[in-house]
Structures are given as C-alpha cells and as structure tokens.
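Pasting a structure here, questions to come.
First chain written, first letter: the chains are A, B, C and D, and each begins at residue 1.
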C-alpha cells in the first residue's frame, strides 16, 4: 500500500469531502495553496490573525447551512478563541434546544518535542473533554487521521481534531480507496494478555516501542488507541482490562484532570473491571509543568518508552526499572 | 423618503408588540412567575422595529442578551418565546435556553446570547453565508455600547471590512453597560469613529425615532444588498429598566436622566405622531393594542398550559444526530 | 461568634490585605463602592468590558511590583480572557525561569441553580487544574473564603478563586479576629468510618445533608472538603479512604476530566489506599451536559443529597435507592 | 532636533550590535546548533535602537516573538541571551524559555512572548504601574502589524486611552504577518487610523531611518512623561529573513520587494551617513564592529561553556516561593 504522511492525509480528507459537498468553507490565517487552487478563494479563505473572529464565524456559517473547517494551526492559539469554542460552538446546539446543527471542524496541532516552549507545545484536549458538546478526535497516524477527518466532515456537530506536531511528517500506509473511521471505536493495535496500555496520540509510538521490548522480556502487552476521546470507546478498554487485570494509561497531556485520570476513573468505577484489577492502575503522563524549552528538560517533561516500561514493571510487581538498569 | 401609512402602522405595531410583551414580563417577574436573567428592551423598541422592517425571512440576524425585541421584530412566535422564558417544553429551545437564549433559525433569528460581544463573530459567518449564497441576502448583528469594548468588536469590524461582508452592525447605544457609561469606557467617545477607522460606512441616529431608524436602515440595507460591504448604524437610546429585571441589582444611573429619556418614549411619541398625522385614529390604536394584549395573554396562557420539561430531557440535544 | 456571608467575607479579606499592602490594585467591570471609598480610584479601578485586557494588565502589574485582585464576576466571562490566564499568568513564572513573581488573584463566580442557563452556570475549575502554574481555591463557606482569600493575597503566584453563586448570601460564623487558612489543607468537616465523601464547593452542603440522614440509618460518613484544589491535600483523602475503604466524590462540575476523576485516579494510584478499597470509588458529579435553563432539568443536571445518598448505598453494597424509596 | 555625535554613535552601535547578534544566530541556525523558533529582527534594528534610546532602566517594556532587538536595546546581557537561545542553565530563563521568551525583569524588560498580540494587555499593567509609581516612569509595548488584527489590540488601545496610561505603542509594521500582507488583513489600511479613533496621539514614520525613529520617539516619550496619555508610533519597515529561521517554511513575499528593502538597510545607511558626516571614521566603525563581534563570540562561547539544565530542573519554577 502507498504511504503518505499526516499532512497529506489531512489534505486528502478535506479535498475529498469538499468535492462531495460544495457548501464547505476552509479558514486559516495562512493560505493552503492546493485547496485554493481546487476550490477557489470563496471557499478557501485566508483570515486575519484573529482566531476568535473566525472560530465564531464558523458557528454562524454552520447555523446558516455551511460546513466549515477551521485550521487554527497550533493549539495554543485556540486560547484567544476559547469563548467561541467553549461557550458557543460547544453549547449552541443544546442551548437552542437542538433546532439547528453546527457542523464545524476545528483542527489544531499539539505536542512537545519541537522546542516550542511553554506556549507552543501544549496538549490541551483534557480541558476540551470537560466541555460537553464537542466531539474530540486524536489520531495517531495518517490512516486514522484521514478516516476520522472524513467522518468529522460528515458529522453534524462541532469536532475538534488534535494533531501531534511530531506526527505530521510520519509516513503510514493509507489506501487510495475511500474509507471512513467511525467515532467511538478504539483500535486495539496489539493484542496482549498481561497489561493493557491505553496510549494517546504520539504516545502510541512510545507504547508500541515499549511493548516490543517487553515482549522480549516475556511480558505480553495489549496496546489500545482510543482514537476519539469524545465519544470514548470505554467498552474496548473495559474488555481489555477485564482480561489483563492491569492498566497503564500513557498520555502526553498534563496529568491533573487529564484524559488518563478520566480513563482510570471510568475503569475503577466499573464494578466488574474494578474487580478484575490485579494492580493499581498507573498513569504515565506529561508532568504538571509548562513545557520547558531546553531539550533535556523538554524530554523529561513528557513520557517516553522507558517511562512506559517502568510503569509496566511496576504494575507487574517487578522491582526493576529501565533507568536503574541502564545506569 | 416617503413612508406609507401601511408601513407606518406596521412600525407602530411592532414597537407596541415589543413594549406590551416586555411590560408583561415585568409583571410576571414581579409576581415571581419567571426566573433567570431577563433583560428588558423597553425604551429601545424603535431600533428593532425600524431596522428589521427591511429584513426578509431569508436574511439572518444575531442578537445579544437583550434580545426579545429582535425576536419579535424578526417575526418570532410570541407563544414559543413566552414558553421559553417560562422554561417550558414548548419553548423555542425546549426550555434549555430561557430569556437569554431565544433563537428561531427557521426565520433567520440565529439567537440571543449571554456573552457580551460574542454575537459579533457569529454574525460574520451569517454574513459570509449570505455573500456565498448570492441572492442579495444580508445579515445583521445587534449589540450594545458595552460590546464595543470587547476585542471581538474590533475583529468583527476588521473582517467585515476586508471581506466586504453584507453585514449591518446595529449598535444599540443605550449609553450604559450595566451601570457604566460608555463615556467612561470608550476612548473613542463617539462610537462611529471606530467603524470609520476601518473604512466602514457608518451613521449615528436617534434610536428613539422609529422613522429615523427606518430610513437610515433602508439606506444601509440597500448598500448591503448592492454588495458594497458592511454598514454600521449607531442608534442612540436609553434603557428604562434595570440592567436585568431584579430586586437586588442597583441602578446607579442618574434618576433625572432616566426621567428625561422616558419623556422621549419611542412608542408614545410615534403613537402621537401617527394620530396627529391622521394615519391612525384612537380607535384603531386601541384596537391594535387590544389585539396585541390578547396575543400576549395568549402567549402567557400557552406557556402556563405547556408542560415543564422532564428532568431527563436535560440529557438530550448535547449533540445533533 | 458573629455570622457573615461570603460576600462580606470576601470584602473583609480584601480590605484587610489592602490595608496591609498599599501596592495593591482591584479591577472589575463594576465599581465596588466600599473599596472605592476606602482605597480610592487609583487602586480600585473600574474597567471596560474587556476581560482579556484587564486579566493581562494584572500580569504586567505583577511583573512591576503590584498585586492585583481581578474580579471577573461570572466564571463564564473568563473564556474571553483565557489566553491571558492560561498562556500567560499560569506560565510566565516558569517560562522566564522564575526571575519574577506574579501575585494575582482572579476571583470568579461558579455554579448552577440560578437559572443562568448554559453560559452563566458553569463550574470550570477542572480545566484550570489541567494548567500547571495556577493555584486554585474553592471555598465552601464564608469562613474558608475569608481565610483562603487572605492567604491568596500574600501568595506570590496567580491564584484563582472559584466562588459558588448560591453560597454568596449564606451566613456562616466568622471571627472578628484575623486568621489565615493555608493552601493544601483539607478540612475534615465530619468524622466517620464507613464511607469517605469528598465534596467540593456547594456540594459540601449536599454531602453534609446526606451524611445527616445516613447517620440515622446507621451509616457513618466522613466528609472532607479539600478547600484548595491546587495544591490538593491528597494525604487527608488517602488517610480517610485507608480508614473507610469507600470513596464517593461529589462535585458539581462536569464529569469528564473533572476534579472527581483526578481524585479517584490519585486514590486508586496509591497502592496502600487502593488495597484498602472495599468498593469501586464513585463519582457523583454534574452531568456532561451544558446547564439547561428550566428548573426541572437544571436540578437534574447537578448532584443533590439524594444522588449522594444513592452513591453511598451503592458503595455500601446496599440495594436501595432514595428515588426508589420515595416513589 | 539636534542629535549629538555621542548619541549618534550609540544609536549606530546598538543597531550594529543587534545586527551582528542576529547574523550570528542565522549562522548558528544553519549549522544546526540552535533549535526552536527563532524570529530574526534583521532589517528592523532602527526601531528598537531609536525608541529605546529614550528609555531608562526603570521604564518597562513588553516585547513580542521577534524580541532580541528589544532585549539588546534595553540593555540585556548578550551572554545570557545567547545562553537562553542555546537552552543553557545560565540563560535568562534557565533554558526554560528559549528565543521566544527572553526576559530580564531587572532592567525592565518584561519579556518576549509567542502569542500574537498577547503582550498588549500585559503592557497595560506595566504602564499602570508606572502611572501609580509616579516619578514620570513610562512603558512601551512592541508589536507587529499582525498583532493589530487581534482583539487585544483594540482592548489595549481603549484602556490606555481612557486611563491615560503612559504607554508607548510601537507598531513594527514590517508589512507582513508570516506571508500575509497587512494590506490584505487590515481594513483600516493605514494602521494609525485605529489609534486615531481612540483619540490616541499617533505618528507613522520610516522605521528604517534610526534618526527619524529617534526623534519621533523623543517627542512621544516626552508626551508620555508629561502624563498626557498614551502615544502610538508606527514604524514602517521590512523583515529580511523568513518569518522564523527555518529550512522548510516558505517565504511567499515578492523577491523584488525584499531586494528593494535590503537596499534600505537601516544599519548600512546609517553607517554611511555617519561616515559622510564625519561622525565616525572607517577605523572607528571597524573598531566598533570588531568589539561587537568579540562580544557576540564571547556570548556564544559563554553559551557553549554553560551546562545544559538537568532534566529534573523541569520541575522547578512552576511556582514562586
């Protein structure tokens, strides 16, 4: 199968869906040239640097029969548009009693590892999850990205897509044929029986790398990528933990009130799953610090394969640690 | 500009409908029959009536927290408005919105809203849809002097300007945001200095004279429908009631000022004018009022007869299908 | 002891601390007359309706040697100021390597029950907890409010105070003498041995009401009010759960990625506490819906005494329910 | 206004220091020695030099993402700047900030910042502190044409206007936000139309002529120190490098335009002027450059000799004591 990167996959998703539906508009502060050439300046609109205005304009367009893709670029820029996203896009369907539909896709780039420091390296989806009314997708590869974006572009609700900066250029097999990926369907990337690793976004790579190494050591790890956070495929996680009895959630976002906390609260709140737990569920998350610029600190602030392995040893009740072993 | 007696009667009727609807709300509030935050439009009726007389059903508007007048003038159903304010299942929003969040998308009323200035960005999208649709559709956004202080105001003026959106900015300058005078809060002092800076056509008019508003809006709407870009209309007015209906909220505006403005009541003034001009007889006026009052009464009855939502209804409408 | 309400307690805290320190400024869109009279218009400043500007101005003031109280009134208005609060106030200490201190107090009103509908009834502290760099206080009565605000006004970091609308007028014993309440010290309001109820803000009232009734039924409930969310007094919670073996967290905020999820993840992540659990930890939280206007729905959307009691029955393994019993 | 040879030499030296510091960064970047987002100030040196010549240590400034020039002109230590850009423990922010977040509060440099427009609200507080302190202190905020598009711009102009804050708005209009011309993005077309709307004194000047900037800033600063309120200075200029140093980011600006502007190099032009006027001999010029280059070299050496932070240092400074 051909391989393309996330950037290309995202572009194709938009192209395909914009061809299907001419009442679609794209907005961003820069001009995506491929889209402009194909769909023209009426639909592919360059905006001023004024995120609140165009995130809000997407709502008015939605309420008037148009579907809009807003590419905010870095997730940190969404903070100036928070009122339109949290107070309006998220609530407007409900507040008005469901009388209109609001199909909007907000795309934004997340993640550390690019030397972007505290503002430009964030992974803020947990706070979006705390706002009812937004669907949230978190693709970890080009295949999922394309399929989920295409679904988002047929969804009648505001969707926020969080796309990791370090995944943008990563090649991945993506078929030429059309496909969609439904929301709320986790992907069990690797089967295992000893430990369930739920990994989000780029952390899927770290989880898989850890699983590889652990396999050598005889530990069988199941790796689950929820792919969408709202809706969340709880059942897939429950099922796996019922089987393995051990859970490690790997997430780059800050720990406090993060997605990992939610997943653990769901798992421990479910009687049959709770009963199956053989060890305390563990979180391997970004530290509760703003992301620092300098590489040694930046690296330390986010999870990696070694930290994942340590957490697995821990839930397996093994008294070793990668770091200790290496030093 | 000649306004026909029919148009005059319509303007009067719209204003009076808003007035009587709002007066009834004051009564309901005082009798503790309605709850939540209810922002009265009394004193400002000429603006909604004069502007929206030029709007078609396919034109879209975005309102703000003081939105009942815009709903009525855009043709919303008073029964469903009242039911919403009463929190009934039959209300426009099934009781989920209340007074601050009435909308009727079927008539192009994209909603009232509780965040100062937040309707401005949304209206940009409504105006862009009108532009993309072609067919000379237009959009309007209503907002107060207070909203002109938020950053969204600037962003909206700017985007409307560069995209030449068919958007009518209607600034309802009632001179205060809660208890704070715009003379304190706005460095520009004259609000139209701001749209002027963005090369947006603008005009400031007496918002208590419905024909003045009507004529200014006519020119503005023509400009918009011709695709010449956005237009900014400042309507100078005054709110009669407290910021929202409340027993505890203080009203710190000078009492004499309020009294002065009450003398400039847009509804009574116009009623007198039309009577004197022979457009409406007292009998006709009484008949109009009676009919409106009946509608208002009917709306209240409709609301009271309607069921409250079931508690579990709270779980619906988070997402559309 | 005299009784005063939260409004008065908040005013006194500011008055006392503004008397101690003249390099203090107060900003709000309205004019707090008592403060104006005592401290004059230089320090007590009425702002335009432009929250981002004055939330940001407080940062510049802090970096220039002044301490600022910003009263945003309703928490929902903070969304237009999110960039200044989340990207700047929270990160500026860290981003600049700790070279300056940023003493700021942001106060805001939270909570449903006032017919304010989706925008005006929110309890958004979970998303603030997900942003490292903010201290967060959540007082449940006038005594705590005053003591915590006074501490906040001597704290060298940005503090966000979330104050429930329905608590504003509630009288509570508050001594005339000065006192401060340290951050990170939970208050164990009621001792018990069967179940630990961790309750936040106004939910403390519901928890206490439930505890009262449950006592009649022979169930002994411990009620803990963390009072500050950042820092959080984990030890107090751990200690209690180690004793009772049962945990119910009661929080009005939305469930997903909420404070309750975090507390449960902390508890289940702690080996000795996890081992002590006799039942699945439970969440009684606001529903994941925007707050609806109409009273029957609004009431349904947030926790109350009955829901707390049901959760306690559940963790006690009892097959009864208040609602079933009543109907 | 007569500028003394001493002042002229100082202006030239500041500009040249910024230039040579920035040129070194380009070199370091091309050699893959520095990472992150580095926004070059080359081409715009006259603004920081001309404006900040009038600022005292007790005056405060707020910068934006393109902040190195402001740091240097405000008197920051190049060694600690370079160490920060290199992510070293000895950097201004202990390596936590990097190029986009350099600050030195001890000299009144309240920080560069990566969010477009976000320095504007912060600067209001710096200006208010100056007003409250008395002693004729002032503040300045530097921002681009792109920042004029954000709502914060409007809010800042408005608050500065009504509170008569001693705040100098310095708009570095390099004509583009990334690749987008302000002629497309700003409805006002002339940026000074906006401060004018808020009754803020304003002036637009050639930002590539350091003496023009210096003189305009002198008048503005005097106005501020007299307590007459805020002042808005637009400095027209051009950025020579890409938006940030990058191998992949496209530069979509017309190549000829860039070439035209390179001919208007503020540093070379001033060097020639001072040479021709006999203020500086070539020998003196060479000596100045050599000295600066030594300092830059020293800064790089300092950075390279400095330790990287320990990973665990990430845990510090979330909160102050």
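Rule of thumb we're sticking to: contacts are C-beta pairs under 8 Å (C-beta built on N, C-alpha and C of every residue); 3 or more make two chains touch, one makes a residue touch a chain.
Note that the structure is a prediction, hence the values are computed from the model and not measured.
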Ordered by label, the neighbours common to subunit C and subunit D are A, B
Measuring between mean CA coordinates, which chain is farthest from subunit C?
D
Pair joined by the larger number of C-beta contacts - A-B, A-D
A-B
Using mean C-alpha positions as chain centres, tell me how far subunit A is from subunit B in Å, no decimals.
41
Subunit B and subunit D have mean C-alpha positions lying a whole-number Å distance apart equal to 46
Whole-Å separation of chain centres (CA-atom averages), subunit B against subunit C:
37
Multi-chain contacts in subunit B: which residues touch at least two other chains?
93, 95-97, 101, 113, 115, 118, 149-152, 155, 158-159, 162, 184-186, 318
Identify all positions of subunit A at which a residue touches two or more other chains, and write them in rising order.
48, 50, 52-53, 76, 79-80, 83, 87, 94-95, 117-119, 132-133, 287-290, 292
Line, ring, star, complete or other: which describes how these chains touch one another?
complete
Subunit D touches which residues of subunit B in the complex?
149-155, 157-162, 184-189, 193-194, 196-200
Which residues of subunit A touch subunit D once you look at their complex with the stated criterion?
29-31, 46, 48-50, 52-53, 76-77, 79-80, 114-120, 287-290, 292-301
Show which residues of subunit C lie in contact with subunit A when the two form their complex.
52, 76, 79-80, 82-83, 86-87, 90-91, 94-95, 117-119, 124, 126-127, 129-133, 230, 253-254, 256-262, 264-265, 268-271, 274, 280-283, 287-290, 292
Residues of subunit B touching subunit A in their complex?
60, 62, 91-97, 101, 103-106, 110-111, 113, 115, 118, 120-130, 132, 139, 151-152, 155-156, 158-159, 162-163, 316-321
Can you list the subunit A residues touching subunit B in their complex?
25, 42-43, 45, 47-48, 50, 52-66, 68, 83-84, 87-88, 92-102, 132-133, 135, 156-157
